[in-house]
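Letters are used for the chains, namely A, B and C, taken in the order the chains are written, and counting of residues starts over at 1 for each.
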Amino acid sequence: MTAEPIDTVLLDADSGEAPWQRALRHLVKRRTAIFGLGMVVFFVALAILAPLVSPYDPQTTNWAAVRKPPSMLHPFGTDEIGRDVLARIIWGARASLAAGLVSVSLALAAGVPTGLVAGYMGGFVDGLLMRMIDAMLAVPFLILAIALAAFLGPSLVNAMIAIGVSQTPIFARLTRGQVLSVKHEEYIEAARAIGNPHYRIVLRHILPNIIPPLLVQATLAAAAAIIAEAALSFLGLGEQPPDPSWGSMLNTAKNFISQAPWMAVWPGAAIFTLVLSLNLFGDGLRDALDPRRG
Amino acid sequence: MKRIFAVALLALGLYAGAASAQTTLRIGLAEDPDILDPTLARTYVGRIVFASLCDKLVDISPGLDIVPQLATEWQWVDDNKGLVMKLRQGVKFHDGELMDAAAVKFSLERHLNMPGSNRKGEISALKSIEIIDDHTVKLVLDKPFAPLLAQLSDRAGMIVSPKAAQAAGDKFGEHPVCAGPFKFTERVAQDRIVLDRFADYWNKDAIHFDRVIFLPIPDSTVRLSNVQSGQLDLIERLAATDLDLARKDARLKVDAITSLAYNGITINLNNGDRAKNPLGQDKRVREALELSIDRAALNQVVFNGEFTPGNQWQAPPSPWYVKDMPVPAPDVTKAKALLAAAGVTHPSFTMMVPTNPETLRAAQVIQSMAAEAGFDIKIQATEFASSLDLAVKGDYEAYLIGWSGRTDPDGNIYNFVACKAPPALNTGHYCNADADAQLDAGRTAGTQTDRMAAYGKLAAIILADRPIINLWHQKWLYAMGTKLTGFTPYPDGLIRPQGIALQ
Amino acid sequence: MTAFLVRRIALIVPTLFFVSLLIFGLQRLLPGDPALAMAGEDRDPAVVAFLREKYHLDAPLPERYWLWIKGIAEGDFGESIRIKRPVRDLIFEKLPVTGELAGLAMLVALLIGIPAGIIAAVKHDTVIDYGATMAALWGISIPNFWLGILMILLFSVTLGWLPASGFVTPAESLKQNLLTLIMPAFVLGNAIAAVMMRHTRSAMLQVLGSDYVRTARAKGLSQSRVVLHHALRNSLIPVVTLGALEFGTLLSSAVLTEQVFTIPGFGKLIVDAVFNRDYAVVQGVVLCTALAYILLNFFADIAYAVINPRLRA
């Protein structure tokens, strides 16, 4: 998980084209971003359509077919207790995507309001909140996630909660930074002068303008969350068998690399593709939203 | 800080000076040992280090007979309430002090009285230790306790240097001084334990290398990689699923022996509210569960057929196995009939499983097999430390757990089913007066025949009540480089350095 | 400048206080009884009671917190229940190990990330940009424990070039020390390389588009000269200070890398301590890493303020 600051992105309200139109134009031009988006959409579709697309039930065991290599019957081979690997990859997409989606949603839900309040109100409240956020950032992200997951108990849901909580400070800090840079703009001052209540200013004037960097960070955070889920599974704290998740599949496969490499290749490739795609898309999005590009 | 620097210098010096003809044996362990103080130590893996570091009064043979080590002869007296032991002469501790009866008395009293001692429960039958002469002690008990010699073949029988122990107090574990073939040189937590040959060891002819380094490497694949690449000479607990690979690898040799350990499903019969379910209350349901599990298939799928299926607290090859109650064959039809008779055709329960890859695999197979008889088992993967706590509190229905095994059969059963057993071990709170009577008979009887008779009767009760459904006994599996010779596996899994040589 | 410094230092105290609360709170939340976990397989009730007494496990929370803080003030970080050694000793033993690993990883990250970022910026929006981007991004897209195991299989088991695991201190053998760290440093540095690349790229783009550089180009200086002499120098400063901030990420990732390669550093110490409920160790180690992170942040802020006086406001 990165703590890099994202440059202030204030969409220019003066050019002829609507900001989102210009962003879209830039985005489409950047091919890696489009590739990334496409792959993400593919995985989401796979996850949603799993019951229709999967050749087998991911939990049906078959003693006779333990650790069989890829074949016509089992295109990705079978795992250590005879389950079809392809089926588990397809169904496992749900767990990995959920890990990305839920964790980030949690982090946004907790971090953005905190950052808004801290940035807008300033003063003592800001100081207090930011010290607490700094404290959370000072503890290495994975340690925090491990401790939380250990406290909550090993399961996918708890891993998502743990990762989400660990990512909250980054969104809080980002939001606050954005609010600070926008707070003194003319249109905000004007809205205050007219007599708008604070909550209205925050929700209707500030928030929409800081969505772009949040969106970028959310995409990148989702990628990090999926990797974090794999990491927690490696330590035995993520999704537990027999439910499939790519991270826990990798964790089981690591002890069979020489005997059954296919057990590891597919989940590894799946994680890699999804995470890379999210990273490419996020980077492309950041580029496209950069106001310096005309 | 200075100590670390000094140790580093020492290590550098040893390295430089001994670089010429020093032979080093590098052993890979599956975990990092805990405190290296025989009185306080608590882990199985620590015993592997002790096998090179601290000799004990008696030892066991691969056939589980008690053989002399620091004691040369012994005799039961006073109706089996006294044990007279003659000590070996000329044994020196690592600090040069001589071992005598006073040292033995000191060590045993240390095991009994030191606060926090983990040995107290093991030899609590000892009332006092008398010194007969410089090389003879008499251990006095208040009632006969057959497992005593077996306890003295483990940490409770390890003799430490009184001078060093008194000087170090409870810091003794940081630099232990015993009478084993190797003496303590250095330890870096989670990295390595280094022991060097003790020149005055009483059995020095059996020792053929100068230094042994223990390296804890928890991941079994990485541990194997190390011995394949030659960085380690010997590893313990090779994964069953890697055995085939290791056999085919020309760089390696493998060895195996059935362990004293067992693994099974412990059922909560009487510990709190969660015991109030069909599984905990009705023994027909438990019998149905046992009949739905195909132990041979379980062994095949999870352990490549390498381990030993079992149904008792002793493995089938053990001399203490009750031969007229063999491992039952699976019978799903009968299981279903039992469930119907019990009035619950689709019993559902949660099985708590520590997050350990092999155990989780086994749990999934059990879940799948039991489903055929109608059981709906939910697997609750729980971190080991949490699972212990939950088990003690009675917050579980079934617990898939094992026991590392003790030389004496009493050590494998008493604490798990006796009414008076510590609640931390008999977590299901099983209590049956008839079983208790047989347990006590097994403890106090004088001959193996008499004890076996008691255990036969005990098995008839326990295997019918099923507080624990035993499923498999693991084998201790070792992989080593081809240059290593003279290794003998023991049922307790410990690596004894005597006889091992590197060509 | 002094006022700024004083204010920044003053902020460290409340942050540290919250860190201590967070760490302490987390530990107490962990289920499972450490005395039971530490009492050994036999779980002798006498031993459990003894451990509870010795480590004040039954005392009320505020009292235990106070005992801990008081101990730290005196330099006593507590004792590891598992192996009965002072936490302070363990920290001194492990810190240099992880420090060396992190340092080498940082080197790897800079060696991969900076050139990739430069190329991506200069050849903006071309295939080369995409290629360099992918090369740097694959590091954060692959689970590092996974990469580690694959590398062990290739370089240790199959080729026999590198040791599969373990660690040798530089004092014992510098060559062995570096050999044991090559793979872990590469695996660890890979992830950070991506971040370095992103920063270098955006900083370079910013500088390349600036008036200063356009003037230089207009004056007739060649592209590469412009890039190397002016753009690079100006964009490296924020990149390197960001490296300091990435320390936190490094430590996070080091946790897994040390597990896979069995490197006896901070990361491994803390993971094992969490699973063993070795409270004192977890608290002590996390406090140290938090302190290091806070200090690094502090110096990074100072560096920024020195470069850009406007930030001192």
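Following the convention adopted for this analysis, a residue touches a chain if its C-beta (ideal position, glycine included) is under 8 Å from a C-beta of that chain, and two chains touch if they have at least 3 such contacts.
Please read all numbers here as calculations on a predicted model, not as lab measurements.
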Overall pattern in which the protein chains touch one another (line/ring/star/complete/other): complete
Chain of greatest Cα-centre distance to chain C: B
Which of B-C and A-B has more C-beta pairs touching across its chains: B-C
For chain A paired with chain C, centre-to-centre distance based on mean C-alpha positions, whole Å: 21
Geometric centre distance via CA averages, chain C-chain B, whole Å: 38
Inter-chain centre distance, chain A versus chain B - centres from mean C-alpha coordinates, in Å: 45
Touching two or more other chains - residues of chain B: 219, 221, 383, 386
Sequence positions of chain A contacting 2 or more other chains: 150, 153, 254, 257-258
Per-residue overlap in chain C, given as positions that touch at least 2 other chains: 31, 149, 153, 259, 275
Chain C residues touching chain A - in the complex, by the definition given at the top: 11, 14-19, 21-23, 26-27, 29-31, 125, 130, 133-134, 137-138, 140-143, 145-146, 149-150, 153, 194-195, 198-199, 202, 206, 209, 242, 245-246, 248-249, 251-253, 255-256, 259, 270-271, 274-275, 282, 286, 289-291, 293-294, 297
In the complex, chain B residues that touch chain A: 219-221, 239, 241-242, 244-245, 297, 300-302, 355-357, 360-361, 363-365, 367-368, 379, 381-383, 386
Contact footprint of chain C on chain B as seen in their complex: 1, 4, 8-9, 11-12, 15, 32, 34-35, 40-44, 115-118, 120-122, 170-171, 173-174, 188-192, 215-219, 221-222, 225-226, 228-231, 383-386, 388-390, 392, 403-404, 415, 422-425
Complex contact set, residues of chain C against chain B: 31-34, 36-48, 50-51, 54, 80, 82-85, 89-90, 92-93, 149, 152-153, 156-157, 160, 163-167, 169, 171-173, 259-262, 264, 268-269, 272, 275-277
Interface residues, chain A side, partner chain C - complex: 1-4, 7, 29-32, 127-128, 131-132, 134-144, 146-148, 150-151, 153, 223-224, 227, 230-231, 234-235, 247, 250, 254, 257-258, 264, 268, 271-272, 275-276, 279-280, 283, 292
